[in-house]
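Labels run A, B and C following the written order; every chain starts at residue 1.
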Amino acid sequence: MTPQHTLPAIAHPDRLFPADPDVRAVARELFALVEHAPILSPHGHVDPDLLADDVPFPDAAALFVTPDHYVTRLLHANGTGLDRLRPSPQASARDIWRAFCASWPAFAGTASGYWIACELHHVLGVGQPSARDADALFDEIAAVLGRADYRPRSLFRRFGVEVLATTDDPLDPLTPHARLAATPQAPLGGRVIPTFRPDRYLAAGTPAWSAAVDELVATAGDGHDGYAGYLAALANRRAHFIAHGAVSADHGMVTPATLELDPAQARALFDRLRAAPAPDRDPADVAAFGQHMLFEMARMSVDDGLVMTLHPGIHRNHHRPTLAAYGPDTGHDIPVRTEFTRGLQPLLSRFGTEPGFHLVLFTTDETTFSRELAPLAGFYPSVYLGAPWWFLDSPYAIRRFREAVTETAGFSRSSGFVDDTRAFLSIPVRHDAARRVEAGVLARLVTEHRITGAQAAEIIVDLVDEAPRRVFKLPARAGA
Amino acid sequence: MTPQHTLPAIAHPDRLFPADPDVRAVARELFALVEHAPILSPHGHVDPDLLADDVPFPDAAALFVTPDHYVTRLLHANGTGLDRLRPSPQASARDIWRAFCASWPAFAGTASGYWIACELHHVLGVGQPSARDADALFDEIAAVLGRADYRPRSLFRRFGVEVLATTDDPLDPLTPHARLAATPQAPLGGRVIPTFRPDRYLAAGTPAWSAAVDELVATAGDGHDGYAGYLAALANRRAHFIAHGAVSADHGMVTPATLELDPAQARALFDRLRAAPAPDRDPADVAAFGQHMLFEMARMSVDDGLVMTLHPGIHRNHHRPTLAAYGPDTGHDIPVRTEFTRGLQPLLSRFGTEPGFHLVLFTTDETTFSRELAPLAGFYPSVYLGAPWWFLDSPYAIRRFREAVTETAGFSRSSGFVDDTRAFLSIPVRHDAARRVEAGVLARLVTEHRITGAQAAEIIVDLVDEAPRRVFKLPARAGA
Amino acid sequence: MTPQHTLPAIAHPDRLFPADPDVRAVARELFALVEHAPILSPHGHVDPDLLADDVPFPDAAALFVTPDHYVTRLLHANGTGLDRLRPSPQASARDIWRAFCASWPAFAGTASGYWIACELHHVLGVGQPSARDADALFDEIAAVLGRADYRPRSLFRRFGVEVLATTDDPLDPLTPHARLAATPQAPLGGRVIPTFRPDRYLAAGTPAWSAAVDELVATAGDGHDGYAGYLAALANRRAHFIAHGAVSADHGMVTPATLELDPAQARALFDRLRAAPAPDRDPADVAAFGQHMLFEMARMSVDDGLVMTLHPGIHRNHHRPTLAAYGPDTGHDIPVRTEFTRGLQPLLSRFGTEPGFHLVLFTTDETTFSRELAPLAGFYPSVYLGAPWWFLDSPYAIRRFREAVTETAGFSRSSGFVDDTRAFLSIPVRHDAARRVEAGVLARLVTEHRITGAQAAEIIVDLVDEAPRRVFKLPARAGA
């Protein structure tokens, strides 16, 4: 047992609660109402094979460092080359872990640092990283990971995950999802569902688009080709996903602009883009096609009921040499200013009041919280405020989000927390953190006499346990 | 009497004060200095007939729901169609009130929810909405509204309104204002003044512009026609407003850009726009004309002394089907990013240091608070920081405003609170809330030893009682 | 001695610490660790002659008002014409001081007000401004300024300045720096170093550009002319600065965009711009040249090791009549929206991982803190978060900066505080304030159990005493 005097800060049961004793006391009570609520994770990036195969996590580096580009980017910024953070003959798992531990002080105050500290202490029950004891901690973690009750399915059950959504390519056969669905519930205690993410079939500016469309149409186009086959194939694959439990379709783009084209225009645009090699495609055509297809995706969501989620505003692969050497998702995706009001106007004017249509908006541009997103969600029954995302899913940023949107949109217009992570072990920790921050935000409203404690209690249960079900069309909670 | 244990949160005398006991104690003292100061409301949207006619408010729905698109929008977002929120054979006032009460939990934490809760408790002395007791509360409110001391003029007097500005069309005859001015002061205890709002005569992009200009020139153009008659008519109507007590001219536009044209250019532009039907007008001409006329409005303000106020940055009527079915001001006006620094440069370079010229800048884009507005108000003697507006006139947003602008512009460069409301009953509640928040902001500065309590006491009196008089050229306070 | 009951707020030892007693107690302890750390000022605008000549400060107006456009702008906004704020036959130093004292209440809550209050109390040991006692205070200050221990060098030593960087024209002979370097250390106790600021040689849009380039090439072009001579001269002058102790090159521009041109393109662009008089230069050429030269400056920094700092996003000289009458730097430089992600992509894709390259990004657009700057600094080893700048170097704004960037970038990616001032007396006060705010930010993280007190203690020492040395390549601290 770690002796008291070396306990990390995050061992404290009051972590993340506001410092003021009166506010903190209320926060503590509110948090207790949801601390053990099941985890609903309707958007994320866990590899479904992890649970389908249930093989033990290999080591500390593979668990905490290598796959998490939110971690490797900060190591890179602090001077550790990415070559030293990928397993290779020159970099063993232990070497990578040592490099991470040596840079651990750089994570103080960061979201990643908070999560990893909590994972080590609260999930694995081991110590905290330090340059001196890196090896001992590596071994200590290895010993824990070797235990049967720390294999992925056991953790899934112990974490109390009721629903976990993955993110998948439209042509993915969803085999692990099928295998997991065929598994009796008992060992897992919850469901793993796919999410339809068609970006690469819609982004006509990339060299890979043509081949992707070829394969899509050939696989699922019902024998049609051209634009008709393309639309049919997208609809067919959505149906395939729905049959495997999917509840949402997710869309990434730099600018969330939309455009309504009539079918003839759209077909001509598609044909023009298909006829040209990537470098010759007119950028205006590429942009128009992306905007039009976002509009079409909304139409399909209205038809088939998949919740539509948008994750816009990221300039991907900022550092070309790193992209060339290490591929995408290596820590240099940087946000840009994002505009929703004008961009979504065509889509919302057409589908914004369609019964059953749900559009969840995420952003990494905080300026849109109060200016655009809360007013949109405060009028359109289809629009929901996505949880703070990516760089913003951290305690202070979540609090800023709530304080920016609530006075305009209240608490009823938000999606609930979405962990959006590929770091499996961080899931319970992220939900725990979000619940603590929500409790703190509500406690402040109570202490400033804007709502009663009874109202706050209802709201926090709704935010944690009911909003995600309602917004993402998940089953009602047991007993509700 | 509502028993203690069911009192709403907002019954508490410390509502909206910061939670920290030391800060709260200071806030309480500061608030006491201005709690009963007269209400100065130099910008708003109350219907002057309300006071001229002094007819009783009809019912709870008409008082709290139907006319307030800030309320109906959130009901709409939560699933109540706007058809169910307008009196009709299918929707009685009682039906509308029931729909509102059923959705009341959605207002927790919102600005509207706070105001309505306070209006019910502090102004009407009745209970809070609930789905179960909607009918009883409807009747209870009806009983109160039937009393003579709850008719508009009695409330006006009881609220302590010293000045209430309405917002009016330049061709409005201002009959209710004249009737009210002819009323002895005693029953009202304050003045109702008009505000000149010429948007529809300046917005050359709308189909209605031509007819509006025709009417304006015919009515007030001194017999001139064309551009000369147009300018003369605007100046004449401003004089008419001033004769009826107006102190300001208000301007709405998407982009607060300005442009100086020489008279020949301006005349040619005007003639070109007048000659074309709306769909054929060149958008660049429309934009240039709007920017030029904003510049001309500043020139007229320099000449006649009307305070110039700007309310830019709103994309109006976002959802076209709702506009078609229910008209404008139905809850789907959504803010967009706004730019002041470059846009106002021509206007300010020309008029920014003119003696007596006052330009009050409002925004719904919080990013401009510290970046543009505070620096502009911190140099130009004519520029004042408008109070947080629209979606931002809420406790947290007001606090963010103050904390964003004060370190650059101090307290002397702001307009004081402007309620900007058409909800008459909310006026005392909004001013009360703003005063509480200002007290909290100042209390924090005191507690962090940046200013003394004596300084804070002077500042809060200035903000509440002197700044609006100074900025909006209202009479000095009694005894001052 | 000022009696207790008239002490200004800022006399309190707990000034700027958060109000909550628990947080404050931690903040106090953390601040004590750095309260007396040496002052490292790697970017600022103090006139080096001040220290080279060591002549006494003339009077209160010259010390606090005349040269500080952050002060004069607010006096101007409050109705004092700039003609009354410059020494002239009509405005003696005493007149200026009286005008300032009369407007002193307008500075309550501002950054300038805080600094001046602290300078008067903590540095000079005199009273606070008031309209009534302006003359007495003027005389009291004069008496202090006449003392030998209040001459610039004595203050420099007493302030504990270890390094003070000035900002200088590339063709500046750096005579005062050479004189100071030749001075024995003892009387000064620290170093005064120059900073290379080449803006006027890179801004091809200004009428003065051609003559500036002529002089640059003639002076330092190694006999070459044209583009080759221009680049050689810039490199040579950088070397001259380095020889005089410079550690950084500073760059101001409206938009921090960059562009890589091949040498032939660049030469042709340069020649085209050189051939045209200013009004005839193509704005696109001017923009491209500025962007290209920023790219080239990065290349030179990679070569010669000068830290590159950017100060973008200011619309200079907003009010043309004031510029015409009083010149630049007269209080009407207003920030505009700024974009870094796309603009810096060419530069960072090329130089972002070059060993030893340091790029420090400053901004007056707070929206970029969490959206662009923290993610960039969280990946690129070369990118550092500049301290909150200009309108943002105030207590609340520094706190907003930290809370916006830390969860993404931690504490290790920031430059440390930079006072950036020409107001010599404010240097210790600004550093003191920044240290207090950092202590408060860290204390909150401790009290919310995100980091331990021991971690916070290491971080604050790093932020104050080690980060500036590391980022600006200054000597390690004594004993480290």
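In the analysis below, a contact is a pair of C-beta atoms (placed from the backbone, for glycine too) under 8 Å apart; a residue touches a chain by one contact, two chains touch by 3 or more.
Keep in mind that this is a model prediction, so the values were computed, not measured.
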Turning angle required so that subunit A lies on subunit B, C-alpha fit (0 to 180°, nearest 5): 120
Homomeric contact subunit B-subunit C: same or different residue positions, threshold half: different
Centroid spacing, where centroids are CA-atom means, of subunit B and subunit C in whole angstrom: 40
Where subunit A touches two or more other chains, by residue: 18, 20, 367
Interface residues, subunit C side, partner subunit A - complex: 20, 22-23, 339, 341-342, 345, 348-349, 352-353, 367, 370-372, 374-381, 383, 403-404, 406-413, 444-452, 455, 458-459
Residues of subunit B touching subunit A in the complex: 8-12, 14-21, 73-74, 76-79, 105-111, 113-114, 315, 318-322, 331-337, 364-367, 391-392, 394-397
